[in-house]
């Protein structure tokens, strides 16, 4: 085998078609950067970002139903990837519009936030199509690199909250780098064994008894991924980072930052289904179990909404992992559909929840204490209703997409007979109700005397309402989404 | 040229990785922490080179190049954050960043 | 079609009630009343319907074809009885809230109607997914009712209510999914339809586990010892309209589930489990009657008696013969009325004197004779006085249960004694003895007005009707129960043939 | 004419409904008229029915009113069944009931809750009539519980006093214990025989069950449980003396004449069952015997005029049970009837006395009242004689019949007879103790006592006096009912035995006279004998039964209720919540905020992961 | 070549140990550069000359200079030695070191089981370049984006507070 084997590799224009959404996001980034370079115009930058990302989403939507593209060396932009590209781009649009309100009073440059946001989105889209450790690395790090900037974005102004943003970014940077190193080391070990860096090459790992090497290699990668997904015991950064970061950045990290990794994970799992290295599956089950319990317990008596949501996201990642584990066992597509649907629902409800927080917050004043929401039901009924909807969806109550998602998870778990994990799901949901209801209850209380005026933001508010509508729509009539998801299953 | 057993290269990478981890774990000075991270990333690069050399492929080196890119970007952002932190707290003690907890 | 109309009307009516508050604060209650009256009329119109395949009305439309889930509604006589109870008690609840709920009335009636929509859905859904959907849907508005308009400890109560029912509901969801999954394995396609799932065969231990999942879901709602602890708190803290709906209607959904699903879907496991369920029933009856006696909070007391009475339902259901089932159904109906009335009375008392502590009451007979007489009536109804509905229910349940398990029936029958102990204790504590208003503002202790009396009179009439001519109710539920028994017998026979 | 039986319960029901719906707003005049009138009308109907029944040849007659329910072969109807037994009962109920109602219009005239009183009374008569007319055990049970309810309501009629409420609840709960046994009996009967229709059930039982087999014994025992509860027999007799807390007409109507004899009626009604279970039947006799003796002892030690009468009622019902137990079905029912006359008379007389003495009930605060209260004196004289079975008074005939029948029982007959005779001796003592203490000797208070005026009080008393004296001559048409039971030929007992039976009560009266009438013997001296005080206390407390029950049942229940008021199961869920909270507090400490700790946790996680992975 | 490998490996390990225990940050940086250069030598011995060069130029050169700039900028010179020493004095390092040792032991245990030899052949610049701009061409583009993201972040974060660039 000579090193020049692939020298004849060519890329035709046709090969670029599946990459169009990616290119659109890139173009958006470049366009925004240039726009900033020419003249700082906040509305224009915002508008450009939204328009560009929307375009990317529409392109991906268009490609979703098209013919399946051939697998490219680094990216597989199949229907699965396109579906999540739509989701990621749409969510990024949502975050952009939600953050509009947040930055209106910011006393420093606001435009770069959107540049970073579109770059991060680019990383996420790469992850959606990643089929290779190189693209995984690049996507992951593009996403993280932009997120560092977003998390620490308000670190400049002299306000108090900013040291928190800084702390959040530093913590995320260091820990994320450690986890990246773990992934890379594991990947290197896998490469040393199989000679391939593509996920498909994982099949070359020796399986069967006495496979410590494979197990360790895979577990190193898993640990890194578990960090990105904030699974127990790699969850510990989550609340601090969520808490300190500006709400829009948190929203971004909590939604796109999470699901992008999950998308890859699912792809890897599907590629390696036949691998069947039992210890890895067991470790995953353990991670899921502990995440569900720990996440819910940690959130139990929290008074900070961002932290509550952070902890609850730990638990939700545990729930999602159930479907991933189910995918290891089961032949059918249900577990993949379950993950897809739940990810969709997760984006909607998490974005909605953080959206409400962002909407009420600014860089000067983060409204993240539970007491800030007292009486919200009577002051801003629609916003409160939407927030309640999001929380109930997170709790998995019907009429919301979260319920259908949970139903899918249960179905996947039952299909594979994961009784213990299902029990954890039940117990975890029980504990979870407590803190979700606490927030809801606070909103129902009479409003406090002399409460400060709440901020208004039409764009963000409309996004929250759109999310609420989606939440209920796909909670009541999810058939269309279900069939779409069925068609994209790997 | 004598061939070197793969395990030796990997073991070296493992040792460097662990040393880097110890550095991240024990140092309070954030600059040291960042340096230790570089050690860890470098160890990963080494592992890729070792693996690439086993298969006589360029992919290992390509991964190394990518890691290099990553490390550079990481350091740039990390140092940027350190500068901000130093401005705000006048120290590089990582423990001052413990306002967020609970 | 009429069934979807019933549900849609409640949902839309709820929204209307909410929004109408801006026009006029008095409008929501009128809207709620009108909607419920229309509901009642629509349901009554079903009485004259001719059954097709045993269903008085049915509706089926695809919902989630991926999993064979459809919007399948159907009502037979058994459902209809409970639907009528729902609408009737809905009206009673509106009446109870009429002057009690003044703040945020629009949202209150919204929640009330949505809760009832969920209940109507439960009583008519024939697709298990749909059933579960409604099962959970009714929780949220009920949570709001308790959490917003409840009393001093409302958050605790609302939370407890929600968590208990939700967790047990999730367990049930798992069971439903397992059942559907087994259907998929055996027949190659997904279905959540009741008729399809009836044909699913499972091995013994799996059937038992899945059945237990259902049982826990229903036993929590029913509630049965040891899953009953949410009830006293929820009841004591809820506004009286909430308590009425809770005790009168929501508890019945658990019983309905037992009859419709928990036993027929798992004939063998249910038969095997019956002694345990009946033991739990007997414990519920006696234990909660005893705990009830020790309460000083009147609403807590009534709540515990509810658990005790619902024990007869469990007993009847698991005895699984026509007598016992009819007894269970009659108990559901009669208890629906009597407990609703008692909660309404307790609410009326609390509304007047702002206390639920019986130790602060006494000698009210002289002050409020009407209320006293009404309370006496419903207390003796609750203790199972022949001639009133509760007696028919409990007697039939025991009579039937006796044929299934004599020992447990005899033990349960002692509940009749305990019932008399606490019922008379309440009357004694509140209405007898010397009057003293040291603990409250005595001037507010007014007798029932004519509007209130109208509601009580209606409930009294209902109980007397059930007591002296229960046949009109029995006839309605008989075809359903007989069909269930027959299918059960058939399934058990098939099951017996399998190794 | 017979088809008009449905009118019998209808009138009281209408009366009840009118009075209830009027909510006490009716003036006393109309309320009294409605209350008493409805029973009067019922009595008229009953009389007409009786005439036509007797003319129609004593054939039993069923009047279906409507089907109650029909479930899986269980189809009790609201059907009224008339035969000799129920005829006697309805006559007693409406007749005595009417008299007592009339009396009550006078007795209760000053009560503010006059209308409520009649409301309950009418409901009671309605329920009692259903009890005796029901053709199936479920309808009987309906009446059974209904009368219990009314008893409860009327005992606690004066609700201001918590003691009354206590007594009422006690009465209800204790009888409910028996009722529950009876209900279980009904379950068993239905399960075994497939019907609760009394006649069908009895025929089926006769056909299917062998004499002396277990099933009839168990069912009979369970029914007996119901009967002893309602009829205040051992071991459930404790409620009746306390039941005297109610207004006196209630004591007369419910707790003497009608309701408490329902147990006797039940056993008589289902006598076939008892005949199938001879051991149980014998047990009935012994229960009656022991009860009558125990109550006799207690009655001798009571000072409250109504409590003496109450114990005497318990004792007399004991005779009826004895009669039932020895197969003297007609005798028992006959005694039931005569007892209704003279006991109602005694109670109403006592009521008149009490009313005259401003609600004084302690006999030792009366004395020498025969001049001031001549009517009361007459009442007690006649009633007392009938009660002690003075020859040719009503009580004489009925008690005679029972005792003679007892003597004929093989084996234990003599003992039963002897016990009954001794009981009669006690009856003489306590009845005339009351009589002498109240009406003779020195006046010990209430010197200004004045007879209560009013025809509505006096007339019922005189009628009852007549009935008490001559009631023994009334023929009861019971042969048809019990014809297939044990046939009783003409009784042949020795003159000596007969003499004893007549003499002992008289002897009792004489002793009573020696102690209380003449003062020749002194009760105080008797009390000074060693141990007699303790004995007195023991008897006075009704043989300590209340204490025993408190100790065995009531206190443990109260204790359990008190310690578990918070519901121990709740503690389990609280513990879960506390566990979650503790878990949170424990685990939240890991969120230290220190970055190095976070890295450490990651490293530890990695090590743990690899350890688990490698070890597995 | 083998000897060179083991020698370089030894140097790399020793130098790295020095990095993590140094109290003088500038010395530590020098040791780090030494370690990186040793690794570069190892790369060369493993037949990766391009990687070796990049390691020396970019890593040991450019990136470390960046560190140096920051150290100078923050004036973290000799005067922080005492502080560093104090920070290292506590027992805080025992547990982490133990943990890392366990991890190392695990890695050693697992890695020692690998069989195979690194190829003596060189994979030269040509081969790497061809591959990089062949199938990995997207990776190159993405790497540029990654650098852009790092650039923007760093640019935004490193500015003086409130500094206006216009």
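Order of writing sets the labels: A, B, C, D and E. Residues in every chain begin at 1.
Keep this in mind: contacts are C-beta pairs under 8 Å (C-beta built on N, C-alpha and C of every residue); 3 or more make two chains touch, one makes a residue touch a chain.
Since the structure is predicted, the reported quantities are computational estimates derived from the model, not experimental observations.
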*Both-way neighbours, i.e. chains that touch chain D and touch chain B*: A, E
*Far-end chain from chain E, centres as C-alpha averages*: D
_Chain pair showing more contacts of the two, D-E and A-E_ = A-E
*In angstrom, rounded to a whole number, how far apart do the mean CA points of chain A and chain C lie?*
42
*Quick one: report the Å distance separating chain B from chain E, using the average Cα coordinate of each chain.*
5
*How many angstrom lie between the CA centroids of chain A and chain D, rounded to a whole number?*
77
_Distance from the mean Cα position of chain C to that of chain B, given in whole angstrom_ = 64
*Among the residues of chain D, which are close enough to touch at least two other chains?*
588, 591, 593, 595-596, 599-600, 603-604, 606, 610, 614
*For chain A, which residues are shared contacts with two or more other chains?*
3, 134, 138, 141, 145, 148-149, 152, 155-156, 169-171, 174, 178, 189, 192, 212, 216, 239-240, 434
*Interchain contacts, given as pairs of chains that touch*: A-B, A-C, A-D, A-E, B-D, B-E, C-D, D-E
*Within the complex, which stretch of chain B touches chain E?*
1-12, 14-23, 25-29, 31-32, 34-36, 38-39, 42, 45-46, 49-50, 52-62, 64-66, 68-77, 79-84, 86-87, 92-93
*Interfacial residue positions of chain C with respect to chain D in the complex*: 160, 225-226, 228-229, 232, 290-291, 293-295, 304, 321-323, 326, 363, 365-366, 369-370, 373, 376, 380, 385-387, 391-392, 395-396, 398-400, 402-403, 406, 409-410, 413-414, 416-417, 420-421, 424-425, 428, 431-434, 468-471, 474, 478
*Quick one: which bits of chain A touch chain E in the complex? Just the residue numbers, please.*
2-4, 6-9, 11, 26, 29, 33, 40, 72-75, 107-109, 112, 115-116, 119-120, 122-123, 126, 134-135, 138-139, 141-142, 145-146, 148-149, 152-153, 155-158, 169, 189, 192-193, 212-213, 216
_Per the contact definition, I'd like the list of chain D residues that touch chain B in the complex._
588, 591-596, 599-600, 603
*asked:* Under the definition above, what is the set of chain A residues touching chain B in their complex?
replied: 1, 3, 133-134, 137-138, 141, 145, 148-149, 152, 155-156, 162-164, 166-171, 173-174, 177-178, 180-181, 184-185, 187-189, 191-192, 195, 197, 239-240, 243-244, 302, 307
